[in-house]
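Order of writing sets the labels: A, B and C. Residues in every chain begin at 1.
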Amino acid sequence: MRVRVGILTVSDSVSRGAYVDRGGPAVQQWLQTALATPWETVARVVPDEIPAITGALEELCDTERCPLVITTGGTGPAPRDVTPEATEAACSRLLPGFGEAMRAASLALVPTAILSRQTAGIRGSSLVINVPGSPAAVADCLAAVFAAVPDAVELIGGPRLETNPEVVAAYRPPHGR
Amino acid sequence: MRVRVGILTVSDSVSRGAYVDRGGPAVQQWLQTALATPWETVARVVPDEIPAITGALEELCDTERCPLVITTGGTGPAPRDVTPEATEAACSRLLPGFGEAMRAASLALVPTAILSRQTAGIRGSSLVINVPGSPAAVADCLAAVFAAVPDAVELIGGPRLETNPEVVAAYRPPHGR
Amino acid sequence: MRVRVGILTVSDSVSRGAYVDRGGPAVQQWLQTALATPWETVARVVPDEIPAITGALEELCDTERCPLVITTGGTGPAPRDVTPEATEAACSRLLPGFGEAMRAASLALVPTAILSRQTAGIRGSSLVINVPGSPAAVADCLAAVFAAVPDAVELIGGPRLETNPEVVAAYRPPHGR
């Protein structure tokens, strides 16, 4: 039984076929190096519309039963960027530390990291994490937070995830927190 | 006249007597080393329920007149962790810099620091600060923010607090901000 | 055609003439060193009242057509400090990375940086950024985020801003994010 990981590409241009998806494959590729547990991708592409994004998150979490969903794209300040709003709408609670840590890590590389409004949240037994659409930012952001993802997934009732320690060493606190 | 400091342990298991409180005593012990002003503890223990937590915060701030209240526990991502929500409900305004600084300081020590949703806020003339339940995290988090606590308490109408400079040097800006 | 930059001083005492404005001139002076594009100031002073602040933000963004508005003052924890609330009310979306980065930069200088609740947001095609009232904090905070401001202003439909690279090097990502 493979763990199902949702990868949701949020992009008007990719959605209408005008542009090839680069964010989704970047997430896929990073997870392939990082995850040691057998897993499979449940990929979706939606335009930059709140109902489309929340609908896809609901499907990936509730129907497809993905304990982990990574969105890519739509996190910036432009009027069409609404992924954080859709994530907040789909999740029962937010985890502000993810956005803070991803922005802080990216800020060490590019000053415009502060423009990303990315967040993370919990829907049922699923952890949803926003990363930007740029392939370089995808890897930087996932690397900044993924050591905490296995513990988070377990705390909300998901399966045990193992990582490849040469990419990221999953950390589990000794006994609760 | 001693300054009253509220210490609120939020834990289902401690509340029902199944587990000894470790977070509350850790807060108490850290404050004993840090505070030079004569003070006394007003301790409470409640289960992980929003009404119980907000009720205790109201009592500690409004009835017991504690200018400073530290909560411990219930800040994680698990479904029963609701201390941040209860704090937000009890406070008229939040101070996001406390959560950011505590997570950043803890993140230098453990990757799962980003899972804590702890915040701080103001209720009337009381400053409320969330720290995690783990005794080690209690000290790390209080050390990360306490230099700003005396100034914050005064700005909201509370008493002057002095600290032991070898533990934490209270900072007061030259003239307002 | 000069770019119009709104500078909004939020202060009861300055507003009633009891105290000379130091925050507004500090913003003006910092921008004079940082901005290479021809620009002019649209200055306003209001008391620490939410309706007065939101009203001034609406005027500066909608009527005066300032693509960039910097507020100074009213970001602290004191009961009269309401600039963040007024900014949230006037903006359709917030950019949490600005507050995080400004607090982190200030925290390296003064422990009380965590008490500032400053944020940034977007109203129409205008970027609104809060900085504290203290002249020293004005420069520290603007220096911490301004490299991302020209990209942000363009992404929301504003003009191209050039900076003096010896003060701050505006960064624009290669192609979208």
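Please note the rule applied: contacts are C-beta pairs under 8 Å (C-beta built on N, C-alpha and C of every residue); 3 or more make two chains touch, one makes a residue touch a chain.
What you see is a predicted model, and the numbers here were worked out from it, not measured in a lab.
Asks: For the two copies subunit C and subunit B, is the contact made of the same residues on each side, with over half of the numbers shared, or of different residues?
Replies: different
Asks: Taking only the C-alpha atoms, how many degrees of rotation bring subunit A onto subunit C, rounded to the nearest 5?
Replies: A turn of 120 degrees brings the C-alpha atoms of subunit A onto subunit C.
Asks: Quick one: report the Å distance separating subunit B from subunit C, using the average Cα coordinate of each chain.
Replies: Distance between chain centres, rounded to whole Å: 31 Å.
Asks: What are the residue numbers in subunit A that touch two or more other chains?
Replies: 96, 100, 104
Asks: Contact residues on subunit B for subunit A in the complex?
Replies: Within the complex, subunit B contacts subunit A at residues 75-79, 85, 96, 99-100, 103-104, 107, 110-117, 132-134, 137.
Asks: Under the definition above, what is the set of subunit B residues touching subunit C in their complex?
Replies: Within the complex, subunit B contacts subunit C at residues 93-98, 100-101, 104, 122, 127, 145, 147-148, 151-152, 155-157, 171-173, 176-177.
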